[in-house]
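Please find the structures below.
Here come two complexes built around subunit A, the first alongside subunit B, the second alongside subunit C.
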Partner chain A sequence: MKKLPITELDSFLKSLNMPVYLPSDDPSGQAKFTRWAEGVQLTQQLNTVRSAKDLFFPQMENLVDFKVQDQKIEIIEHRNVSENFVIFGVRACDAAAFEILDRVFLSDPVDGYYKERRDHALIVTMACSAPEETCFCTAFGIDAADPKGDVTAWKTEDSFFFRANTGKGEKLIAGLADGDESAVQAQQAQTREILSKLPNGKLDLTGFDGAHMMEKFNDSRWKELSEACLGCGTCTFVCPTCQCYDVREFNTGDTIQRFRCWDSCMYSDFTKMSAGQPRPTQLERFRQRFMHKLVYFPDNNDGVYGCVGCGRCLQKCPIHMNIVKVAKTIGGEGNG
Partner chain B sequence: MQEVKQKAIELLQSGKVQRVLGWKTGEFFYDLTPAVFETVEEIKKDFVFSPFCGANLSKYLIAESRKEGKIAAFLKPCDSYSFVQLLKEHRIVRENVHVVGVQCNGMCDIEAIKAQGVKGVTAVRQEGETLVCETLYGEKSVPYAAALSERCKTCKSKKIVLFDELLGENGEDDPDCGRFDLVSKLEAMTAEERFAFWQQELSRCIRCNACRNVCPACSCEKCVFDNDTLGTANKAAANSFEEQNFHIIRAFHVAGRCTDCGECSRVCPQHIPLHLLNRKFIKDTNELYGEYQAGADLETRPPLVDFTQDDCEPSVVYTRGGNGK
Partner chain C sequence: MAEYREPLIPMLGVVTAIRTDTPDVKTFTVTGLDGKKPFVHIPGQCAMLSIPGVGEALFSITSSPTKEDALEFSIKKCGCVTDWLHAMEPGQQITIRGPYGSGFPVDTDFRGKDLVFVAGGIGLAPLHSVINYVRANRANYGKVDIVYGSRSMQDLVDFDEILNEWSKEEGITVHLTIDREQPEWKGHVGFVPNYVKELGFDTSRTVVMCGPPIMIKFTLAGLMELGFDKSNIYTTLEMKMKCALGKCGRCNIGTKYICKDGPVFRLDQLDELPDEY
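What follows is the complex of A and B.
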């Protein structure tokens, strides 16, 4: 275990000599992953509004340009080999979400854009010490007091403690002084005490699996659950595991820009085909989001759910409908 | 509060209505969801009216009033303006709705409570001017006024402008609510400062469309920003121009129809003060065409679709923009 006084964070980050992104408060007071420079402060808040997935899978990216001149078409590729970078202060839930995204983007056919960034990133996670009532990471077996990543960090009153989990991580913190683990253990005990009291921490997900797919799909209660949904897509855009995107083209006059951007299954034109919209009403779109996370994804991925319990959709849905309410309404007996 | 629930049961039991539009309990005390109730049992089990019923129910009536049978809707003062505005735009089938006006002391917002530094809130109770919060970390108190939702801090009117029956007393307009104070501040800035302000606010937009989808004035069957066939659909702001474009177009489109219900700012996950944009339009309309409040009544002609001899000249935009000097 390594130790660093909080006051020396800036000089440590500077010494890394590569771009560092960390959650910092913007002028409106909300935390967001920001490129660190001297003076950029680590947030005191639990988590960012937008998740850390932005750094691997940005909301919008230009893929390629086609420049047309007379009879010639020039193809301009935007992909550039990334330099190594550090994401500092990722919470356990967001770090677990990377593994979910990996299953999608790194399985065949591999998404080169995503992989490039993933390969060049060093992840320093930050253990939670003050979970919100909306957190339910524990339901997915995630330990917020001991997150994964190349390096795990704990922040106490006056110090950071670091533990390397990979070779890459080892190198990153090699220069720091050794520290005593007892402060970390004390914090972990406290955090776990709170984690055990999370109102949705023991969400029962039995029955959400491939074997019950049709039963869940045909449940009559999707109607009441989806009734008030605005189809806005907020839940998908703040979600660390939502992975759908659209590829579009924009004509600037002499150039066609092909870009991709996040898409949302909550939208009326999602996966629209020439034959029409396969999910014509909001009920079907709404059902898709939750069936994907709770049934299809685990069915295709060794039982791993497509949710990490970060609680963002609980906080941000304008009408307060969310995955917990869905799971409790059509799910396990154990939810009381 | 029990009175509201009792009324819902009574309306359904008497057969006066077949459905009731209200708010349903959630997992926490604050996460209520708009819901349609069809049985007394459902109401008894899940219907709530509490200081966390911020969601405006009027827009749901566009679809609900076209269904068979009659629906009762509980509308707060600000919701009633939206309702009237939608009636004026012929979006709601009036005879299918039984409006119950409910008076309101201001709705609370969980994010406002958390902004006071309270974490892990699991329950609240009001003790005079204080809101006592039970949290995962023990009890914490915040002033009730600080827990109010942003729009309720500058509530324009406690008047329920249209109802079939009323619970409680009807209230009045509050011309001194100060809702234009921040707009005046923005107006006093230089163009550059103002641009920088909006740039900084709008750059946070994730284009989730919550503001548009919740807005009672945004009731087009197909929004231009979703229109694939027209080539105007846009799911992400490609650059800062596109970002501003979306918001400016939306603000213009609801100008003269926006009742200042505040839903857009309430739902924005990025806390963008969209209401300031709309209030600027309202303030300008008031100054250029005379006082006008969208949704206040069914008769007044909206200034932007009306013509009078002493309307201001279109060039006013040019001069007010500072370019004519």
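What follows is the complex of A and C.
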């Protein structure tokens, strides 16, 4: 275990000599992953409004350019090269979400845009010490007191403690002084105590599996659950595991840029074709989001759910609908 | 191992020939810039074609894998990309990526079977690939019946090939039908589902059907009445697609991605999926 006084964070980050992104408050007080420079402060808030997925899967990114002239087309590939960079202060839930995104983007055929960034990233996670009521990472077996990543960090009153989990991580903190684990252990015990009392921490997800797919799909309560949904897509955009995208083009006058951008299954045009619309009302779209996370994705991915319990959709949905309410309504008996 | 290619970046192709089949269907012959076939495929698989600036869309490959020099696509004019394709001239470059999807089990489940193909309108496009593959490997399959219908005589795609090649081949029987009487039409008149029922095929046969949803629905009902088993019936699904790689999430139905796990499905497999297509 390594130790660093909080007051020396800036000089440590500077010494890393590569781009560092960390959660910092913007002028409006919202925490977001920001490129560190001297003076950029680590936020005191529990988590960022938007997740850390932007750093691997940006909201918008250019894929390829074309030049079209008469009958000829030229393909202009701009090689997507990333330099090594550090993401500092990722919470346990968001770190777990990277593994879910990996299952999508790194499975055959591998998405090179994502992989390039993923390969060059060093992830320093930050253990939670004050989980909030909206957190339910424990329901997915995530330990917020001991997150994964190349390096795990704990922040106490006056110091950071670091533990390397990978070879890459070891190099990153090699220069720091050794520290005593007892402060970390004390914090972990406290955090786990809070985690064990979270209102949704023991969400019962039994029955959300491939074997019950049609039963869940046909549940009559989707109607009441989806009734007030505005189809705004907020839940999908703040979600660290939502990965649906659209591919579009923009004509600069000189070239055609083909880019991808986040999309949302909550939108009516997501599946709309000239030949028809398989999800004509918000009920079907709403159901798709939750069925995907709770039934389809785990069925295709060794039982891993497409949710990490970060609580963002609980905080941000304008009508206060969310995955917890869905799970409680049509999920296991244990939800009481 | 083949060199890594970014799956979303297409390659260039050129449309070497365009044939007008019906008032709203044209067949496009596509090669790579080197004049060769862009890639090898299985009948039923699809490819993403695009004109940068207009858009990219998924089309089923109409030609059989046994056609060695090029890929063919029979495309109906029905919006953005297809309108553009219909307006262009041979020699036009386009982009192409693929092949995508699972294709028909031509070298496994179809082997040794007596086959019935049922197509409506442009639904013949994906079946065209299988039919010509079966013809090229005739010894591997039993009897073949093809039931094909369209609105009118003028809307039958590949009419010449059907009349001059398919109908003349031993072991293949072609049954054409059009929706409404036409003075110059001597053949059967009526909708495909009814015609299939009238023809009353033996229930041991494997049926492959493709066409508008309404045709599929009623043909299936007829086949069920005749006593067919759903595990012997195949069809293809259509969904909006963007990536064709099983990643953008758009074509997800239940645990399947139509672009990757489909578009070909057996009817008993479809029964296990939510009805969202």
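To be clear about the criterion, the second predicted complex is superposed on the first by the 324 of 336 C-alpha atoms of A that agree within 3 Å, B and C clash if a C-alpha of one lies under 4 Å from a C-alpha of the other, contacts with A are read in each partner's own complex, and residues count from 1 in each chain.
Basically, a contact is a pair of C-beta atoms (placed from the backbone, for glycine too) under 8 Å apart; a residue touches a chain by one contact, two chains touch by 3 or more.
These figures come from a predicted structure and were not determined experimentally.
J.: Check subunit A with both subunit B and subunit C modelled on it and let me know: fit or clash.
T.: fit
J.: Go through the superposed model and pick first if A:C232 touches only subunit B, second if only subunit C, both, or neither.
T.: The answer is first: A:C232 touches subunit B but not subunit C.
J.: Quick one: is A:D246 in contact with subunit B, with subunit C, with both, or with neither? Answer first, second, both or neither.
T.: Both partners, subunit B and subunit C.
J.: With the two complexes superposed on chain A, say which partner A:D150 touches: subunit B (first), subunit C (second), both, or neither.
T.: In the superposed model, A:D150 contacts neither subunit B nor subunit C.
J.: Treating the CA centre of subunit A as the corner point, state the angle out to subunit B and subunit C, nearest 10°.
T.: It works out to roughly 90 degrees.
J.: Contacts for A:M214 in the overlay, against subunit B (first) and subunit C (second): which applies, first, second, both or neither?
T.: second
J.: Thinking of the overlay built on chain A, is A:D263 touched by subunit B (first), by subunit C (second), by both, or by neither?
T.: In the superposition, A:D263 touches subunit B and subunit C alike.
J.: Determine, under the contact definition given at the top, whether A:M273 touches first (subunit B), second (subunit C), both, or neither.
T.: Touch partner of A:M273: subunit C, not subunit B.
J.: Which partner does A:D94 contact after superposing on A: first (subunit B), second (subunit C), both, neither?
T.: Neither subunit B nor subunit C is touched by A:D94.
J.: On the overlay, how many Å separate the closest CA atoms of subunit B and subunit C?
T.: Closest C-alpha pair between subunit B and subunit C: 8 Å.
J.: Taking the two structures together, which residues of subunit A meet both subunit B and subunit C?
T.: 246, 263, 272
J.: Write out the stretch or stretches of subunit C touching subunit A in their complex.
T.: That would be residues 4, 6-12, 51-53, 55-56, 78-79, 89, 91-95, 213, 238-240, 242-243, 245-250, 252-255, 272, 274, 276-277 of subunit C.
J.: Given the complex with subunit B, which residues does subunit A contribute to the contact?
T.: 26-30, 32, 46, 49-50, 59-60, 130-133, 194, 197-200, 224, 227-228, 230-234, 237-238, 246, 248, 250, 257, 259, 261-264, 267-269, 272, 314-316, 318-322, 324-325, 328
J.: Under the touch definition given earlier, write down the residues of subunit B that touch subunit A in their complex.
T.: Subunit B reaches subunit A through residues 26-28, 30-36, 55, 60, 111, 115, 119-122, 135-137, 200-201, 204, 206-210, 212-214, 226, 228, 233, 235-238, 266-267, 269-272.
J.: Which residues of subunit A touch subunit C in the complex?
T.: The contact residues of subunit A facing subunit C are 63-64, 66, 68, 71-73, 75, 77, 104-105, 107, 109-113, 210, 213-214, 217, 243-247, 249, 251, 256, 258, 260, 263, 265, 270-276, 278-279, 284, 288, 291-292, 295-296, 299-300.
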